[in-house]
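Notes to accompany the following structure.
Read from first to last, the chains carry the letters A, B and C; within each, the first residue is number 1.
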């Protein structure tokens, strides 16, 4: 048994990180239906745009970069709520928080899985939406790259909001309220990258900033999320 | 001079939302002791256990682990402590084996066999069945299997006997007793009357705030 | 062992306790109220009555005497709120959490005032109540950030958790404000419509500028006054069961 005089216990943090990663991937796989929901939402909203605005391809092409990005943002927002909800209900969150492992690292594992099962599929599906909304040819590459970087940043930022609202009944709407302002820079540079490419200007600057935003959110989010989760467990 | 107690609480008070729940709570837990926290519903039993588990922070007072202030030794303490709450963190979509596979690395260095642990709690043959097909008592047993896998010297168990049948209760009593005899310590809440030697009691009524 | 000298002076600890803060600020209130009233009165009369007309905008420019100070404090107020939240989180100081709770609606109100006055100003100047100008858009985002902090605070039933959660959010918001401002600026230069040119005022005539300075000073005093009032009422509410508050209520009644 451990005693305070003994050397600090071997934490095997990497093992714990992998265990949480494997667990969440398994859970996501077992709930495949839930995984598809944001994607279906993504495609359905894309169908609403021509119905609500115009089916005329010239006008759709003007709207496409921003529209696809806004829809991806909303789909990512919808899925953010589920990040910690089940864990909070069944007590796993408390077990994660009470383990001697650094909580931010375990949280990071959860966020990575969340991106793998929401952000990545959204990104892979986005060219289909590009076709549906008559996105000009030049926009497709930057659309995929910007969503690849951007949805990861959105997952990071969304995790903070999800952690802050997990203990609140019906916190989903509140989550959108507190997270959306923080999403705005990502939206601006993501949509602009596609728009620039469509206009024949190199999008590399906007994409670089998007990468910087991702790096920044990776730096802040795990710690803020871990702190927020501890607050939520108090509540 | 003997070794310091595993856990010592001095003058713990807790208030929720600026309303005092209890105050002036002090106790000492030595190796080999099993402490039963008693009290009516709402007297703060679960709250106290969550404070002991470092899930909540006391509004006042201090806690000492092996004579060290917990404030500076939280991580080592968490390493040496296992807490099972009302909701013990068993995932319904995973099998008992998968559940233990992610719960175990949270408290590393536990070198026991998952199959043996599951057999010990009477879940042999159900290792790979999804947990949502199990009964409430069997789910509780999945969580209790962690006790067989744990090296922690302090166990904090909130209502561990809930939903467990008489046979299971007997086994759990033996397990707690063995743990205490090996030099560990246990804090439990229960509305039952466990048959345990070395059982001391802490009645929340004495610390309640009217 | 000899006691080490306290790191912080005694008055700081007195300020740190809600009771000490309440008693210490009691004597400040009349002074602040009078200073704020005088400054605001002088600034308003000077700005509206005596400052010269703007060559292009006529009298409509005079709304800056409210718009600019409000916008100043809207942003500064967010930092006040976040700083109070950080102090509350790091030093577990209850009073700081109360200041944070008091600062949030105040800042949101000032942001709204600056948005509304900006919009009213826009009608005679640009011919429309709303344009997606970089500064207006940033202000709107700031308003949303405030709303988020307030909404989160009210969503929690546990006051302590509410304070901590909204402090975390306020801090995350603070880290993001410069990024949001920069990105909105960049976005605006990308999309800037040629028809709208903002009237910049770097070469403001001194006769117009001095009343503005008075108004800004007045708004700062007013902000401090309302922040203290809010904080004091929050202190009384949270400590309503303690001896000193009950004693004070008794004293006031007899």
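Everything below uses one rule, namely that a residue touches a chain if its C-beta (ideal position, glycine included) is under 8 Å from a C-beta of that chain, and two chains touch if they have at least 3 such contacts.
Just so you know, these numbers come straight off a predicted model, no measurement behind them.
K.L.:
Chains as vertices, touching pairs as edges: which of line, ring, star, complete or other describes this one?
P.N.:
Shape = complete; every chain linked to every other.
K.L.:
Report back the single chain whose CA centre is most distant from the CA centre of chain C.
P.N.:
B
K.L.:
Count the touching C-beta pairs: is A-B or B-C ahead?
P.N.:
Greater number of contacting C-beta pairs: A-B.
K.L.:
Cα centroid separation between chain A and chain C, in whole Å?
P.N.:
Chain A and chain C have C-alpha centres separated by 32 Å.
K.L.:
Indicate the whole-number Å distance between the mean C-alpha point of chain A and the mean C-alpha point of chain B.
P.N.:
35
K.L.:
Can you work out the whole-Å distance between the CA centroids of chain B and chain C?
P.N.:
Here the centre of chain C sits 47 Å away from the centre of chain B.
K.L.:
Where in chain C do residues touch two or more of the other chains?
P.N.:
Within chain C, residues 157-158, 160 contact more than one other chain.
K.L.:
By residue number and range, which residues of chain A touch two or more other chains?
P.N.:
In chain A, residues 234 touch at least two other chains, as defined above.
K.L.:
Can you name the residues of chain A that touch chain B in the complex?
P.N.:
Within the complex, chain A contacts chain B at residues 1-4, 8-12, 15-16, 18-20, 22-23, 26-27, 30-31, 86-87, 89-101, 233-234.
K.L.:
Give the list of chain C residues in touch with chain B in this complex.
P.N.:
157-160, 238-239, 241
K.L.:
For the complex, give me every residue of chain B touching chain C.
P.N.:
These residues of chain B touch chain C: 16-18.
K.L.:
Contact residues on chain B for chain A in the complex?
P.N.:
53-57, 65-68, 73, 75-76, 78-81, 83, 85-94, 98, 101-109, 151-153, 182-184
K.L.:
State the interface residues of chain C toward chain A in the complex, per the touch definition above.
P.N.:
Contacts found on chain C: 141, 144-145, 147-149, 151-152, 155-158, 160-162, 164-165, 168-169, 171-173, 175-176, 179-180, 182-184, 186-187, 190.
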